[in-house]
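Chain lettering (A, B, C and D) follows the sequence in which the chains are written, and residue indices restart at 1 in each chain.
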């Protein structure tokens, strides 16, 4: 990731052990991102305690590359009054999928990835996600015991 | 409570220890109940596992008593395709507040009460409740340890 | 029609020549009526001038007859703060379709019928109707010349 | 106006006498434009007959000038599947208000201007506009007689 907004330093998921991480990928010209995913990410940021949950926005472009640059994203963040940390994903010269999107196996925007306190990916979603359900999943992860987390991961494996 | 729907026997909160209980009070002619609280209760019922969360609807009338009866509530449940257990609250001859509403100190409709696995009331809300927030609170209660529950109750006391 | 609310006398469509009439049939336990048709009828009533457009609500019951009475409708009108004239449709002993619904060939709720200044039915709709489209149709009828109205009727015949 | 989309030639309001013209100014990073005004303009385009109503979109930038270019607007039109003619407003070197926005005295985005069949401006709106009301106003203009139009203009003067 090359450019960051709303944070004074880049955030690495590997540096966030002990917290639930919500990774919300969006694109400023993607209708579902704007109508649903971006406002939801902002509300998750407002509702949960920073000691429990970190929200990271990821602006990712699969096409229209010539339309986007850091100035567009900066203006967007200003107009929508977004407060959570947001990164501009780094294009991957070897693929149409940008770097971070590729690492987390995201297929497009909007995408949402939940990472538990131990650094394990617990949910991948592509498309709009229901508020009640995602609230429930994040809320559960914040209270989950280490034993329950291990059991959930082994049953998923 | 006198009449029940969607259950073959009355549900007592005292008989539900070990589960999170969501008590959703509504009235069929109350705009916020119909637009927000009743659909939300149905979705909570759909999203959470029955082994973790029990949703109980409570139809409660503060006024217009002559307009309501079990036939109205039965028709309403049919039209809105509600599947969770719903009781018709019992009028209290000594008060305009029906019996169960009074026991849980509800002030009107819609109201939502969350009860933890140990039988303690953890949230009271009057008016519409945000989906993301209530999802988070219920999700957290489903995973909460006994020690965390005790700590939360003592800090609230 | 037997009971009327928000008017000091029954309204007959035949007595409203010279005005566009919007006849909005609904039922208090019908989800689409409550979510869409009733608020839309109230807004039509607020937006158009009474000299141009008359809105008439019609509460009509196809089933659950034992659940409804004038007290339910009165309480509903109070809770939703409806201001336009509303009638309780008269059951038809010979049919499950109430009297006025039958006269205007309505199939269920919600239904909307538009009648032009000359007393001719110009639109029948069953189900929710788009705000922009119905606004356009009513607006056009308010300005329509007698010649245009005659042409529209003959092309529909 | 320098760049046009969804039309094979620039549209001049002066060349559209005989039709109602809806001029919808928006900006791709303006929340109210995206949530309300742009979808509304598309629906106006779909609902009315081209022989009666012409919809013209106008992308106008008051700030963030470095974020915008024709490539952003082109990608936006593609993603939102917009079909009506849209122009990129021309910056005015002497003012922060772009050229066409200035000519029609628009104060920001979203703005909507209605022009009657005789070329007179009949409505200016800044901010989101109610669907039912704008439908009614456009519908009325499509049927308005020349005499009624003249009367409306003289009463507004």
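The working rule: a residue touches a chain if its C-beta (ideal position, glycine included) is under 8 Å from a C-beta of that chain, and two chains touch if they have at least 3 such contacts.
Fair warning: this is a prediction, and the values are worked out from it, not measured in the lab.
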| item | value |
| --- | --- |
| Chains touching both chain B and chain C | none |
| Intercentroid distance (Cα basis), chain C paired with chain A, Å | 48 |
| Whole-Å gap separating chain A and chain B, where each centre is the average of the chain's CA atoms | 33 |
| Intercentroid distance (Cα basis), chain D paired with chain A, Å | 36 |
| Touching two or more other chains - residues of chain A | none |
| Topology of the chain contact graph, where touching chains are joined (line, ring, star, complete, other) | ring |
| All chain pairs that touch each other | A-B, A-D, B-C, C-D |
| Chain D to chain C touching residues, read off their complex | 40, 43-44, 47-48, 130-145, 148 |
| Touching residues (chain side chain C, partner chain B) in the complex | 28-31, 34-35, 63-64, 66-69, 71-72, 74-76, 78-80 |
